[in-house]
Structure formats: structure tokens, C-alpha cells
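One chain, subunit A, appears in both complexes that follow, with subunit B as partner in the first and subunit C in the second.
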Partner chain A sequence: MNLSALTLHEASKRLRSRELSSQELTEAVFQRISEAEEKVQSYLTLCKDSALEQAKRADALLKAGANLNPLLGIPIAVKDNFLTLGIKTTCASKILDDFIPPYDATVVKNIRAAGAVITGKTNLDEFAMGSSTENSAFFPTRNPWDATRVPGGSSGGSAAAVAADECIASLGTDTGGSIRQPAACCGIVGLKPTYGRVSRYGIIAFASSMDQVGPLTKNVEDCALVLQAIAGHDPRDSTSADKFVPTYAAALTSDIKALRLGIPKEYFTSGMQPEVANAVRQAISQLAQHGAIVEEISLPHTEYAVAVYYIVATAEASSNLARYDGMRYGYRAPARDLAESYMLSREAGFGTEVKRRIILGTYVLSAGYYDAYYLKAQKVRALIKRDFDEAFKTCDAIITPTAPTTAFKIGEKIQDPLQMYLSDLCTISVNLAGLPALSLPCGFDSQGLPVGIQMIGKHFDESTILNIAYAYEQSTKWHKQKPKL
Partner chain B sequence: MPTKYETVIGLEVHAQLLTESKIFCGCSTKFGQAPNQNTCPVCTGFPGVLPVLNKKVVEFAIRAGLATNCEITPTSRLARKNYFYPDLPKGYQISQYEQPICATGYIDIEVNGKSKRIRLTRIHIEEDAGKSIHDVRGDASLVDLNRAGVPLLEIVSEPDIRSAEEAGTFLRILRVILEYLGICNGNMEEGSFRCDANVSVRPEGTEILGTKTELKNLNSFKAVEKALEYEVRRHIDTLAEGEELIQETRLWDPDREVTRSMRNKESAHDYRYFPDPDLLPIIVKDDWVGEIRRSIPELSEARKARFIEQHKLPVYDAELLTSRRDIADYFESALKSHRNSKALSNWIVGDLFRVLKDRRLDEQLYITLWPIPPEALAELVRLIDEGKISGRTAKTIFAEVLDSGRFPNEVVAAKGLEQLSDSASIERAIAQVLTDHPKQVAEYRRGNEKVFGFLVGQVMKATQGKANPQKANEILKRKLTKEN
Partner chain C sequence: MAFTREEVQRVATLSRLRLTSGEEERLAEQLDRILQYMEKLNQLDTREVEPFAHAVDPVNALREDTVTNQPNAEALLANAPAKEKTFFQVPKILE
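Let's turn to the complex of A and B:
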């Protein structure tokens, strides 16, 4: 087995016992990248030299036995919307083509402090807007299971890199499903923590009230370990919660007896790929065999979630992306005057989907439309939140499919934004409500493409969904299957 | 008969708050630094940055709200005001919109001896933009972001103001209040206290508001008053000619003393305000408001009234002494050492004010290092009151104290400036003067009383100004008559 196929937990154990050095592991990962990258194209920027240096430093610490962090010496890929000091950060946009950040995102700082080795910056849909990574201004990333298909998005690069063993684990962001849906498409584990659990400082903002950072990993245990390293209050992010962070790995007991699992009927719609629904239903009955109590529930406002999301998210995005004006950094088009400079820079710098969302968001905030769109959407958002509050009075977690279909073909939906938006049907409500949710593999369709199951938890209760996922994972082998590249 | 018009004015004041650091980052607010020195990724709008609200800004806003009789909003929100400009790094200004921190207050002003209440609609907090500089380089505009993120209060009045004079009075009182609170230095020329005015006219006795124009670039009290006078006249003249006014924004041109159209209603911005998702609601607890309320000093109007009542000062003196909190504090601490309020007041508003102006100390918001400590000034007045020095000598001593930093008693002792009050010495000096000036003595005795002053002057000269003038007068008069 190639060393790069190790899980974080296994690799960490071997590093600690000094069977393996971080340098060897990092070299193995870059070896794998050199083989797989041509086909997968997960990365926008590779940081081999600095990674090997970090590995060397990690080895010194491992030798001294000084640092006990499980991330020490582990090669981790970071989505290219995290600011990384001195490392080009493009957000997969031409407007930031040459942008080298003057500071590290808090999360990046945290994993550096834990001793992680940063392998590079992964591809995404431009400004994290999309569900296929086809909206990258540079190139699309391919699904390691089938190179003619998308890896999902927007964290498609981070998901594909994990699935193709081009890193040990990765970080992504999730605004409407951007960690969970690509995790499902690529057959790996992806967690979107509770809004406020992880700092957003230094993450290029898309929709500030929903953006959240999370891990993409090879299994549930790894997911708990990475979450541990990034969770916690950050004084630089007013929306990050000053709340106790439990030890997530300690919650992984596999004991889910008498846990009450809600299955919302609205999530099994007619538009869903039957194989996806079947795989998820089968996984649910397996959870019941482990002693969980399964009951059907209703989240009645689910049907409005996509509409609400595309109002709130685009409104916030239209304002968040105003700073890309070519004045202080990023692309500036030659122009005769100020107005032209703004127009030409933004016209050439932003891609179609980003422009579509800026226009949409500007519209819903405009005088005369604000009440009908933005304000109304916020009211419906409150109802969607209330649905979950009600459901969690009788449930410990909610189980749904992660995406209505398995990975679709490159080019299949790119011309039809509405079809593309429906890829996030099952994940969007969670962001509107600020809840934690993860996706993990629960089978394959007839074409050999992975299916993901979503587990949604109560606010700040990542532990419970991690444990349910762990219990399920322990009794299946889905996560051990590897794409043939 | 021509229609008589009533003027309707509402003011919007932007006051820069005197916090050490900016509103959403830790950068310094210090004025006069090299361009873009006081900046960081947050206030220059880099990708990924997030604002963190400076608590001091909220405290200052509450202080201002309490001092102007506002209600403090228990839960207020920060909102984004979206527009593009190179000196606005994020492409939006963080301000407040639907839920300002303070609402519905008032300030009482006095115009022509009558008290009048000007209501305040709201006070809210926001960040300042940077500064665009267009006239340094021919081929480009420059942007200095030192000011970007400096905290501002926006104070909005109801359209209760009825003349340019009232507007000026309102602004002056508001400025003194903010200065007393120690939250704004009130410097209009430097832009730390800025004002926009909404003005319209309507036929007297009618209720419906006329078409308004918004005036900008009012950089001094004089500019506010002149621009408003000009604009009111322009409105009335336009209407008198049967023409219609256009709702627009106009700039005051202080050189030509006219207002010029800047933009009309159609080209007005749609700022697309919405609550800033990066910031939590501002929740203000009652006990914090109580704490801030207790920390508010006695304000100028109350202090003025007390000075008149308690220290028996004329209105004019009380007004000058309470125009600044530091002066009023100075006066009262001097008064503690020597209780002659009127004499102290005279020295302060005369001699001390002149020194403060000369040394440009009056540019400071609150002077802590005085050129002459209040105790020293009190000592000087006491020396006069006790007859130990003459008023004229006191002026010399005052100058000496300024130069040397020594106290008046020390100066008197060191320079032997104590007044001659013993009759023998004065008589000796007078005898000499009379001998030296027989012509003037003769003239006086012939009935020309005018030469008396000359002879007194000679006596003072002979005693180096130390002779107690009262005594010198008495003795001289006695001698001149006796030997008649």
C-alpha cells in the first residue's frame, strides 16, 4: 500500500512510533500527486518545498517527543479560499490570480501550530459558488472514481485530493453543501461544523451568515481529529462561539443504542436517483440494527430552502465581493476613468456564475425589492430554523441523503444553473439553520459511483453525529474502497 | 403682498470619536501620520478579514445619547451601506440603519433670549472612509486609508431648526456637549466635526414641507451659517419667480459664497442597506447604561447656570468659563485656593485665554498641562487682594510665572516686587518727586488737576512700581494741598 493511502489516524500512529517519518510520508504524498494529478487536477498550487521543510521540522519535534498533536507531520491540503501567508490564494478567480496574502487565516494558523504539513491549495468553484468545481476560472477538477464526472463542489479539489490519496486530509468550506456534497460525490467523509464552531477569519467570504470551515477526511475518526484542531473561539471573528470544545475522538464509542434518529419525509423526493434513496434507506435500517430508534419526521418548510438560500447567499455575496475592485490588490483592467476601471476589472475578473450571483444579490437588496425578497427570505429562514428546533425536541440527529444524485457528468448541468442549484437540495437547509452536518459513504450506484448519507446534529453537537457515523462506518467497508486511477 | 416663508432646517452631524483605536480593528486613530501608516488588512478591506467592534465606541455613543436625552436602544444592529469608491476599501461602509444605538432625544438651545427645543431623530455609530487626494498628482488620484475605520457618530436632528442662526447655535451647543463628554475634539477645519444640512422653505403657517436640498462641504460654523442663508434666499427667490426647486445635493463654495449642484435625486445612490452578518447585534444592558450615566460630567449649560448662581458671576463670564470643560475645571480649582470669583474670571478670560491662544494650547480638547497652574493664579490674585502687589506689578509677575514656572510668592520675594505700603518710604519718594518737578506742582496748585496723574506716575517710577497706588495717591494729595 502506498503511504499516501494511510488515514490520518494510522499515519499519526506510525509517525509517533517513528516507523515512519513525516518526510517519507510527505514525499509519498507528492509522489502520488505526480501520478494522479494529471487525471484529477485537485490542486491549483502545490507547495512541495515548503511542505518538505515543514515535514523536516515535524520530524524534529517527533524525535523530541515534544508535540503530541495528531496533526503533527500530517500532509494536509487546503482549499484555495483560505488565506495562506506568502502562498498565492486565488479563490479560483482571475480577479485574485496574483494575490499573495499578507496573513494566515486563523484555521491555517491553527493547523500550522499543530504541526501539519500544507501540501498546497486545492481547486474550487470560483468564490465557492457552485456544486461541481467547473466554475473554477482555471480548470475543472475530475472525480477520481470517473474522470468524466465532476467531484462535486465547491470544495471539489479538497474532496478529490482526499479520495485520490493526494493528501492525508483536507480543509474545505461549506456555505450550502460545499463540503458534504463533494464528500458524497468522492466517497469520503466531510463535516460542516455548527456555524460559529470554527473561525471564519481569513476565509474569503461568500455568504457570511452561512460560510463555515470543515474537514474532508478518509474516515470518521480522522474527521474528529481535524475538527479538534480547528474548532474554538477566535477573537477576530465576532460570530465564532466562545463555547467549550469537547474532545471529539472521545465521543466515538459506536454506542448509538436508543438514540432517536429522525428521517424527514421531505428529503426523499421523486426527483431523487432511486439508487441513492435505496442506499440511504439501507444505511438507516443498519443504524436501527445498532439499536437506534428511527422515526419519520417532517421539516415542512424544506421546499423553500433553495429559494431562500439563493436570496440570502447572493445578497451577502453581492456585498462581500464589492471589495474586488482592482484598487488595492487583484486584477485591474486598463481604463480611462474610475467608473470604467471598476466595470472592466470586474467584468474581466469575475466568471459567469459569480456575476450572476452578484447581480441577483444586488437585485434582492435594491430599494423596492428588499422587503419582497431579502426580508421575506429572512422570515422563511426563521421558519426553516424553527422546523429543526421542533424536530430536535424528539430527535438526537436527522438522517437524509447528502445529494439527490451521485456525481454527474462534466458539462451536464453547467448550462442550467437551476439544475445545478438543486444539487444542494439536501444540504442547504442545514446552512440556513446553522447546524452541524456530515456526509459519509453509504454505498455505490450501479455505475460504481459513491453515495453519501447526511447526518444532521443539534447546534454544537458534532459529537453525536460523529459517533453515529462512526458506528455505521465500523460495520461497513464503503470507506475502505479506493478509486482506481 | 408677497408670501412670507418659513425656513425648515435639519442637520446631520458627523463627529469623529476620540478612541485610541479604530472601530473594527486595532489600528491607531492618531491624526497626522504618514499616509496609510495607520492601516492593517482589516481596515484596508483585504479578503477574509472580519470586523470586531470596539466597545469604547458603543460607550461613547451611549454617553452622547444620554447627554442629549436620547433613548438607548437595548438591541441595535450594524448594517452595511453599499457603494463603490476608492477610499471605501470594502465597497461598503459599516453603519447603522434600522436600529440605531440612540433614538429620539433633544437639545435645548437659546435664541434671542428664548429657549427652544431641537429634537434629535437618532444617533448612530459608523466607520469613516479614507481620504481621496486629487490634487497632488496630475495623472492619478491618491488614497490615504489612515482615516478608514475611524469611528464616527452620526447625529441627526429633526427639521426643527428655523434659521441659519439657530443652526449655528445648535451646532455650537452640540459641539460643546461632545467636548465636555470627552468623546470628540470638535475641530471643524480638520473634519473631526462635520455637518450636512437639509434645507427647505414653506409659506408661513403651512405644514407641508417644501422641496429640500442637501448642503455639503460646510467646513466651519461660518460656512454653515452663510451657506444656509444663501440657500434659503435661493429657495425663496426661485419660488418667487414661479419656478420649481429640484431635490438635490449641493456643495457650498466658500470662495464664491454660493452653493452648486452636485447630484440630483435621480442619480442618488441606492445603498442597499442590510444587517451586517459579520457582526452580532449590539446588546446594551441597563446596568452598563447606568454606569455610563454616572460617569457623565456636569455639562456646560448646567455648569453655566451654577456659576451664575453659586459664584455670582455675570452671564458673560459664566458663558466664557464654561465654554470648555477644562477652563471651567481650572476656574473652580483656582477658586478653591482663593475665593475671588470675579477677579479670577477676569484673569482667565483675559490674560490666560491670550496665552492659550498664543501657545495654541486651545487646540487641545482638554488641557492638563497649564502654562500657569490654577493655584498659582489664585496666589497672584490673593497677593493683589492683600495689597501686597499692585495690579500693574501683577501683570509683570504673571509674565514671570509663565517664563520661569515659579509661583508668584517666589517671584515677589526673589525680585523684591512687594508693594511699598509703609508711609515713610512712600513719603520720601514723594518728597523727591515734588522737588524734582516744581513746575508741575505749581500747575496743580493753580488748579490744573490733570498733572496729578503725571505726578503719580513719577512716584511709581521712583519706586519701581512698588508703591501701593492707593497710599501713594493719598499722601501725594495730602502733600500737595498741605503745602499750598
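Let's turn to the complex of A and C:
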């Protein structure tokens, strides 16, 4: 087996017992990148030289036995909307084509402090706006299971890199499903933590009331380990929660007896690919065999979530993206005056989807439309959150499919934004309510494409969903299957 | 059609975006469909509902009013499209 196929947990064990060095592991990952990247195209920027330097330092620490963090010496890829000191950060946009951040995002700082080796920056939909990674201003990433299909998005590069063993684990962001949906499409584990659990300081803002950072990994245990390294309060993010962080790996007992799992009937709609619904239902009955109590529940406002999300998210985006004016950083077009400079810089710098969302967001906030769209959406959002609050009075977790279909074809939905938005159907309510949720593999469709199951937890209760996922994973082999590249 | 090309133009100007005429037409059509889809929110009576404010208990994050970062003009100017000494150079705003 190629060393790059190791899980984080296995690799960390071998590093600590000194049967493997971080330099060997990092070399193996870059070897794999050189073989797979032509087909997959997960990375926008590779950092081989600095990665090997970091690996060397990690090896010295491992030798001294000084730092025993599980991330020490582990090659990790980072989505290109995280600011990385001295490493180009584009957000897959032409407007930030040559932007080199003067500081590290808090999570980047955290994984560096843990001794992780940063392999590079992964591709995404421009400004994380999309569900397929086709909206990258540079190139689309391809699904490692089928290169004619999308890897999902917006963290498509981070998901594909993990699935193709082009890193050991990666970091992504999730505003409406951008970690979970690509994790499902690529057959890996992806977690969106509770809003406030992980710092967003130094993450390029898209929709600030929903953006959250999380891990994409090869299995559930790895997911718990990466979450541990990034979770916690950060005074530099005023929305970050000053709450106790449990030891996530300790929660992985596989004991889910008498846990109450709610299955919302609204998530199994007629538009869903039958093979997806079947795989998820089968996984649910397996959870019942483990002693969990399964009951059907209702989240009655589910059908309004996509409409609410695309009002709230675009409104926040239109405001967040006002900062790209070409004055202090980013692209500036030659112009006669200031007004023209703004217009021309933003015209040339932003792609079609970004412009579409800025216009939609500006419209729903503009005089005369604010009450009808934005305020209405925030009211319905309160109803969506209330549905979850009610459900969690009787449930410990909620189980749904992660996406209505497996990975779709490149080009299939790009001309039809509404169809593209509807592929986030199962994931966006979670962001609207600020809940934690993860996706893990639960089977394959007849074309050999992975299917993902979503587990939604109570606020700040990542431990329970990680344990349910772990219990399921222990009794299946889906996560051990690898794409043939 | 509720979302006309003129409407797209108006909002584009508010957003400091310039669009090609092809983009304007396509956007008008697409946004019109998207807004029609959003009409479904009007099926719900929300007169008695307080709008959403925060996902978890909001607490004001306060701190001492002290400088916590080290000023570093060079680093901050490194990405400037145009600069002069320790200043960002921008287009003239007054005649």
C-alpha cells in the first residue's frame, strides 16, 4: 500500500513509533499528487518545499518525543479560502489572483502549532459559492471516482484530495453543505461543526451567520482528531463560543444503545435518487441493530430552506464582498475615476455565479424589497430552527441523506442555477439553524459512485454524531474502498 | 416578468458591478426564476414570528480597548495594487 493511503490515525501511530518519518510520508503524498493531480486537479497551489521543511521539523520533534499531538508530521491540505501567511490565497477568484496574506487564519495557526505539514491550497467554487467546484475561476476539480463528474462543492478540492490520497486529511468550510456534500460525492467523512465551535478568524467571509470550518477525512476517528486540533474559543472571532471542548476521540465508544434517532420524513422526497434513499434506509436499520431507537419525525418547514438560504446567504455575501474594491489589495482595473475603477475591477475580477449572488443579495436588501424578502426569510429561518429545537426534545440525533443524488456530471447543472441550488436541499437547514452535522459513506450506486449519510446533532454536541458515525463505520467497509485512478 | 433588465441594471449599479448586455439579459431571466421560486415563502403566515437573530445564545464579545496587533505597514502594503511610501495610492476622488 502507498503510504499516502494511510489514515491520519494509522500514520500518526507509525510516526510516533518511529517506523515511519514525516519526511517519508510527505514525500509519498507528493509522489501521489504527481500521479493523480493531472486527472483530479484538487490543488490550486502546492507547497512542496515548505512542506518538506515542516516535515523535517516534525521529525526532530518526534525524535525528541516532545510533542505528541496526533497531527504532528501529518500532511494536511487547506481550502484556498483560509488565509495562509506567505502562501498565495485566491479563494478561486481572479480578484485575489496574486493575494499573499500577511497572517495565518487561527485554524491554520492551530494546525501548524500541532505540527501538521501543509501540502497546499485546494480548489473551490469561487468565494465558496457553488456545489460542484465548477465555479472556480481557474479550473474544475474532478471526482476521483469518475473524472467526468463533479466532486461536489464548494470544498471539492479538499474532498477530492482526501479521496485520491493526495493528502492525509484536509480542511474545508461549510456555509450550506460545502463540506458534507463533497464528502458524500467523494466517499469520505466531512464534518461541519456547530456555529461558533471553530474560529473563522482569517477565513474569507461568504455568509457570516452560517460560515463554519471543519475537517474532511478518511474515517470518523481522523475526523475527531482534526476537530480536536481546531475547536475552541478564539477572542479574534467575536462569534466563536467560549465553551468547554470535550475530548472527541474519547466519545468514540461504538455504544449507541438507546440513543434516539429521528428520521425526518421530509428528507426522503420523490425527487431523490432511489439508490440514495435505499442506501440511507439500510444504514438506518443497521443503526437500529446496534440498539439505537429509530423513529420517524417531522421537520415541517424543510421545503422552505432553499429559498430562505439563497436570500440570507446572498444578502450577507453582497455585503461581505463589498470589500473587494481594488484599493488596498486584489485586482484593480485601469480606469478614469474612482467609480469606474470599482465597476471595472469588480466586473473583471468576479465570475458569473459571484455576480449573480451579489445582485440577488443586493436586491433582497434594497429599499422596498427588504421586508418582502430578507425579513421574511429571517422569520422563516426562525421557524426552521424551531423545528429542530422541537425535534431535539425527543431525539439525540437526526439522520438524513447528505445529498439527493450521487455526484452529477460536469456541466450538467451549471447553466441552471436553481437546479444547482436544489442540490443543497438536505444540508442547508443545518447551517440556517447553526447545528453540527457530518456526512459519511453508506454505500455506492449502480454506477459505483459513493452515497453519503448525514447525521445532525444538537448544538455543541459533535461527540454524539461522531460516535453514531463511528458505530456505523465499525460495522461497514464502505470507507475502505478506494477510487481507481 | 418581475425582474427586468432595467432592474438588473439598477441593482448592478448599487453593487458597483458592470455587466455586459448578454449578462444582463441572462441574469434577468435567471433571477426572475429564482425569485419566483422564493415566492413560496409567502405561503407561510409569519406575522407572529420574531426574525432569526443568532444560532446559539448570543453574548456580546467585549475586550479591553488596547492594541493587540503589531502595526506592520510593509506587510499590509505588500498586496496594494498601487502605493507610495507608506500610503495606498487610489484614484482621485476630488477634482
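Here, the second predicted complex is superposed on the first by the 485 of 485 C-alpha atoms of A that agree within 3 Å, B and C clash if a C-alpha of one lies under 4 Å from a C-alpha of the other, contacts with A are read in each partner's own complex, and residues count from 1 in each chain.
Criterion: a contact is a pair of C-beta atoms (placed from the backbone, for glycine too) under 8 Å apart; a residue touches a chain by one contact, two chains touch by 3 or more.
Please read these numbers as outputs of a predicted model, since none were measured by experiment.
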Subunit B or subunit C, by number of subunit A residues touched: C
First (subunit B), second (subunit C), both or neither touched by A:303: second
Contacts of A:366 with subunit B and subunit C, given as first, second, both or neither: both
Partner chain in contact with A:328 - subunit B first, subunit C second, else both or neither: both
Partner chain in contact with A:380 - subunit B first, subunit C second, else both or neither: second
Subunit B versus subunit C as contact partner of A:194, first or second or both or neither: second
Which of subunit B and subunit C A:204 touches, first, second, both or neither: first
Partner chain(s) touched by A:418 [first = subunit B, second = subunit C, both, neither]: second
Partner chain(s) touched by A:352 [first = subunit B, second = subunit C, both, neither]: second
Which of subunit B and subunit C A:338 touches, first, second, both or neither: both
Shared subunit A contacts, counted only where both subunit B and subunit C touch the same residue: 99, 102, 209, 235, 238-239, 318, 322, 325, 327-329, 338, 342, 362, 366
Residues on subunit A engaged by subunit B in the complex (per definition of touch): 82-83, 89, 91, 96, 99, 101-103, 105, 200-205, 207-209, 235-239, 315-316, 318-319, 321-325, 327-329, 338, 342, 362, 365-367, 370, 374
In the complex, subunit B residues that touch subunit A: 41, 44-53, 80, 82, 84, 86, 89-92, 141, 143, 270, 272-274, 277-280
Touch list for subunit A against partner subunit C, complex: 98-100, 102, 194-196, 209, 235, 238-239, 241-242, 301, 303-304, 306-308, 310-311, 318, 322, 325-332, 335, 337-339, 341-344, 346-347, 350, 352, 355-356, 358-360, 362-363, 366, 373, 375-383, 385, 417-418, 421, 432-435, 459-460
Subunit C residues touching subunit A - in the complex, by the definition given at the top: 3, 7-8, 11-12, 14-19, 23, 27, 30-31, 33-34, 37-38, 40-42, 44, 46, 49-56, 59, 61, 63, 72, 75-76, 78-82, 88, 90-93
